[in-house]
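One chain, chain A, appears in both complexes that follow, with chain B as partner in the first and chain C in the second.
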Partner chain A sequence: MGQRGALRRLLHERSAVIAGAVLAAIVLACLLAPVYAGDIAHTGPDANHITEKITVSGKRLEVVSPTGVPTGPTWTGRFLLGADPNGRDVAVRLLYGGRNSLEIAAIATVLTIVLAVVVALLAGWFGGLLDTLLSRAMDLIWSYPVLLLGVALGVTLAVSGIDLGFATLRGGSLLLPALIIGVVYVPYMARPLRAQTIELRRREFIDAARQQGLSGLRIMLGEILPNLASSILVFTPLLLANAILLESGLSFLGAGVQAPAPSWGTMIAEGTRLMPEAIHLVLAPGLMLLAAVVSANVLAEAARDALDPRSQRLQVRPTAGGLDRGAPEGAQDGAPALIEGQAA
Partner chain B sequence: MSAVAQARSLPTRRGGHPLLAFAVRRLAAMVLVLFAISLLTFLIFQVIPNGDPALRLAGKLATAQEIKDIRIQWGFDKPIWVQYLRMMEQIFTGKVISYTQRVNVIDEVGEALPATISLTVGASVLWLMLGVGLGLMGALLARGGRLARIGDRALGALAMTGISMPAFLVGDLLLFYLGYKLRLFPLGGYVPLTEDPWQWLTHMILPWLSLTVLFAGFYSRVLRASILDTMGESYVRTARAKGISSRRVMLAHVLRNSLLPIVSLWGLDFAAVLGGGALLTETVFNLHGVGQYAAESTQRLDIPPILVITLLTAFVVVVLSAVTDLLQAALDPRVRLR
Partner chain C sequence: MFGRTQRLAIAALGCAAAIGLAACGGSGGTGKTSSAVGPATVVAASAPDSLDPQVGVTTSSTEATWNVYLGLYTYAHANGTAGTKVIPALAAGLPRITDGGTFYSTTLRKGLVFSDGTPVKASDFTYAIERAIKLNWENKSFLTEHIAGAEAYDQGKASSISGISTDDATGAIQIKLTAPYGPFLNVLAFPAAGLIPSTTPIKALPNDPPPGVGPYVIAHVLPGRSFEEQINPRWAAQAIPGIPTPSVAIQVKVQSNPGSQADEVLSNSADLFDWNTPLPPTSVRQAKQEASDRYSVEPVAQVSFFFLNTSVAPFNSLSARMAVETALNRAAYVRLASGYLRPGCYLVPPQIIGYSHSSCPGGEPTGEGDIAKAKQMVRESGTAGQPVTVWGPSDSPHREFVDNFAQMLDAIGYKANERVISPSTYYPTVAKVATKAQAGFAEYTQDFPNPVDFDQLVDGSSIQPEANHDFSLARDSYIDSEIEALGKVPASQLPSVVARAEALTDHISHNAYVAVIGYQEAPKLTSDRVDFGALVFSPVYGPDWTTLKLK
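Let's look at the complex of A and B:
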């Protein structure tokens, strides 16, 4: 299967191009947050304007009314998307929050991929006791209620931080939710990759490599890993979408990004508390998050179709099954189109 | 023994009834899962420096002596494995006490269960029906003409939006537009069915819709793919060749077999929500169910309720996954009980 042909097919798929463009635009906008804050909104993400007034089309408006209701979208440079109860600019916080949400999701995704590939290669290549141990560990994470595990870890660690031996993460560090999310999703990816590794190990070209006297490590990295590349490619946007969702869920429950740092999840949580009066506090971060997650999911689906046009089927994740559930049916088909079981 | 009889008895190589062997295997697995999960949860809170339960029990104004007394009185000075065994004993005898509220956790979960059961039963029926309906429609449209395929893509986009929505955003939007703006439904809370059936229904509709939005999209995509897959199978061609109407083939042959992945999916999602997995939805709608109790307990770092609810979720999931496997075996004779 030609990788170049796959890229051409991907670029021919209109939905993939649009999704990619939307995702790129969101990432770019969030990266440019300081520019927007400095040159257009003239404020920072944590700057308070609670007692100030602004002029919108000739009218003087209080940023936050005496009863504590913040102004809605002004559709001008200052307070483009309105203010929050602390008189902070929602648009500015949206971009800075996006930086945090995307940063966490990106780190978590990379972490999941690295861990999953290591687990899959070790378990699939060596088999035996190592495979059993790693597979059971994956099963355990899999059968644990994801959101509960995340919240439990997030809340405890948010206060105290964690000492990893080689590095210490302070409470409130962005790396904490990234670490939690990264670990939680490892089994989703490690299982199909392990099945693929086992399948590849039986092929002739691996025998040939062995006959040539290549070491196990070189075969794993030089022969097997490249053959896992297309699955990893499909998994990347998929994991990104789910990491963004889980981050928002954790932050919503107070177990992710800690105040006053913004993230899409914490912003929606703040907006929910002020619900009927100021729906823009929920809509702005909510729609932004939705746009990012939808684009990542569409991209993943298109990538899978392009890399493996034969496989139209979706792989179903047998949610949190028992320890005795083997690899899901169709695990050898490569990457799934969706990860089921998002935080409800 | 004839070849046919031999083939039939294959799953029971070692003798005994296949159903019995299945039940024993699943029971053993369940004990293992529950043990591993309880140990992991317990250790997470033991390893973490801030997890000291004595501080939580003593409250913010406690003196060092009070904290020390509580530590001894509750046995937190004992080795970890003794503490673990004691906690497990308390859970299974129903005497486990919450650290921050000092109330019986089992009673609290019992009080929260009706709301969670109401949520699960109503929502799971809705999301299954909608998911199957949309999936069937998508598969039929996908095989149709140009205009039909556009309809299929629209359904796909709709499903993708639902799948990509965070649970609390769905809840917020439903509450705001249908509850606050249109005043069609109450703004959250739970009324027991036995108290006022009508109020119960109006309070449950938005949470039901919320979970339906989250799950139906995924089901429709899985079913659509499964139907398109099944339609390529040889027995479907055979059925058509024998002159059976396409409508009958669709319902009796294709749909029946395509529903297999949906059945296991449904069973496990049902179990996850029933076990208190819908933390976000229950919290947004303030249902006071098991999920909301779990969310509140984690925020208070209250270990006993977290342990109990985690075990409950795992228990329900294991039982329901065994039930769905039985259902699948009944639907498809090719499926063997493992």
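Let's look at the complex of A and C:
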């Protein structure tokens, strides 16, 4: 199937265009957070104004009341979406929090893809003992609920950090939740890709490549990997959406982004204490999270349809705690039915 | 005791676990009881950890048991500092203290009986102390470390406590201490030292507490849910001065949602709000608007502060510590605590003898801090730009306290980052010297109203590798020697050393070993039925149920 045709089909899908636009707008807004903070809100994400007063429509308002209730949305440049209990600008923190959430999700997604592809190619191509070892390792990770595993790793590493040998990640580093999320999602992608690799290995064009004397590495990279591209493309927004959700869940539980750095999850956690008096503290990050995750999911579905319009619906769906483990129809071991013909 | 909320949470969990073992409410089993009117209903956020006096330690427990299990001494039933005064309860008078403060002798009042009618004997005192030790009362170290022979008894090396001798015929009680210990009278005033019959089994009796001598009798315990305190029918005849005779029985209901708790009291479905929980902001507004004649904010003997580790940079510099003191915006912490914090700079709270009335070294405690001046001080100290890790527990509002403090450190020239961890592991973590926590949040609720109980938070002579209370690792010979000297002054004689205790408090503050943000306050909210003015708020145990009167 031609990539250009797939792109054309994708652009003709109205829901995909809207979802893509929403996601792009969120990403753009978050990237522009320093501009908004500096030129419009005139404050930073950690700067507190707890004992200050602001003027809204000619009225003097306390940023945080003496009983600790922060002001709600002012719909002006300063405190557009209100303040948090420490008198920090919610809109500014929302954008900076989005940067953190999206950065973690993006790094985690890339990490998952890289690890999953390596595992799938090695296990699917070589088979035998290596396949058994890698598959059992994937089973081991799979056997733990994703959120539980993430919390366990997050809480353990939040204080002491982790020494990777070539680098040390400190407790408060954003790379730490990215690493955790990236690792825990590897089986969800590696297993179907491995099944696809096994199926591709039996194809005639692979036999032909072997007979031409190509090495295993060249076949994997030059023949099999391009045939996995469609699946990887479909998985990418799905993984992104799930990584955002998991990051928020971990941060909500104190095992993800560490204070004072904002993330949508930590903002929701901080807001729950003041429900319902300051509902904007939960609504603002909650709606942002919803918009990002829904748009990424819609985009993923549209991408799948565009890449393989004949395929059945993928049985890999995002859930609150991770990806649905159901195997797609017509695929072995959870492999999505997106195998194309020989790579061009 | 650290982290009252932690303790309450633990208590709630403990009681929840106990539900499984609950029968349909073990009654007090303490004979006939009577109720004049009522009962008055108290809604509590969490159930006591135990209603057995020799087991319970949480504020929910002691609030309930201090008027049921009187010991030789108790606290005056009065508001404010007057309520911290130790008065004789079952003892005929204050003890005679001899041998350099190591020998206490007193006599039991005549004609005392337990709520079940059993006559009280002097040896019941020994039995209560032994039972507290055998049941591993959480604060038993106050007994084992100070009463001669108590440690040997605890370790099973002795069959009785050699330092306590009693005479049932005369009611004489003599206690020998290992060394002079001024707060020992406070120790004797713990409900855990409350007398119980010597026939009481040495096993925890949370659901069927033993009889005691006191205005109330505990009955109808539904673990984790409710219990009653009925008026002890034998109390009035005992005529112990200074301890009121209650006019109403108390029904305590556990209602974990503070909003619902407040609603019940504001709508007069319940009579007293649990002081251990702050009112939710909505309820505060409602209470101020609709119930201002039955709502007030009362002081609690607790101090909230940030410790500054004096053994590592940058806070090994006095100038750096003073810069923090200067920059503190205490008004911000009041807001973060939903208004339930009285700003202050001294380690000893206002209602405790030893509280200083001098001006704070960093400026007016209600002020918003002077960041510019503090920044200048940091520059001059040569510590600008240094990294500081601020530790704190992850529960609210402490997490927000840490955010605020870290941001303040950034503003005055440091590079602050945060380590916010689970409240259950927080104190053990920062109490390890090896953690080398540079700065962090701490709150301390009194064990008893005595200045040395607070001063020991900067006692360099008490530093130990684990479970260390001097988080700042302050080593100051003046503080250590003054704590030792004041620690020998009997609690009944504290008024004679006020000036000395205040000088120590000032010294601690002027060296900024800790950056005190203030003292927790608690809500006093009653229904319309209650005589609000008559209800005493004890600085030790909270609302004094013996003074609760229905109109």
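The definition used in the following text is that the second predicted complex is superposed on the first by the 314 of 344 C-alpha atoms of A that agree within 3 Å, B and C clash if a C-alpha of one lies under 4 Å from a C-alpha of the other, contacts with A are read in each partner's own complex, and residues count from 1 in each chain.
The criterion applied here is as follows: a residue touches a chain if its C-beta (ideal position, glycine included) is under 8 Å from a C-beta of that chain, and two chains touch if they have at least 3 such contacts.
Since we're looking at a predicted model, the values are computed, not measured.
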item	value
Per-residue touch tally on chain A - higher for chain B or for chain C	B
First (chain B), second (chain C), both or neither touched by A:G128	neither
Contacts of A:G254 with chain B and chain C, given as first, second, both or neither	both
First, second, both or neither for A:I279, with chain B first and chain C second	first
Partner chain in contact with A:G213 - chain B first, chain C second, else both or neither	neither
Chain B versus chain C as contact partner of A:A47, first or second or both or neither	second
Touched partner set for A:P85, first chain B, second chain C, both or neither	second
Which of chain B and chain C A:G58 touches, first, second, both or neither	neither
Chain B versus chain C as contact partner of A:L148, first or second or both or neither	first
On chain A, positions contacted by chain B and by chain C	155, 159, 254, 276
Residues of chain A defined as touching chain B within the complex	140, 143-145, 147-148, 151-153, 155-157, 159-160, 162, 241, 245, 248-249, 252-255, 265, 268-269, 271-272, 275-276, 279, 282, 286, 289-290, 293-294, 297-298, 301, 312-314, 316, 318-326, 337-338, 340-344
In the complex, chain A residues that touch chain C	46-48, 50-51, 64-69, 85-87, 155, 158-159, 171-172, 254, 258-260, 270, 273-274, 276-277
In the complex, chain B residues that touch chain A	25-26, 29-30, 32-33, 36-37, 40-41, 44-45, 48-51, 160-161, 163-169, 172-173, 175-176, 180, 187, 211, 214-215, 218, 221-222, 225-226, 228-229, 261, 264-265, 268-269, 271-273, 275-281, 283-284, 294-295, 298-299, 301, 306, 309-310, 313-314, 317-318, 321-322, 338
Contacting residues of chain C [partner chain A, same complex]	280-282, 284-285, 329, 331-332, 334-339, 368, 394, 396-397, 399-400, 402-404, 406-407, 410, 417-422, 429
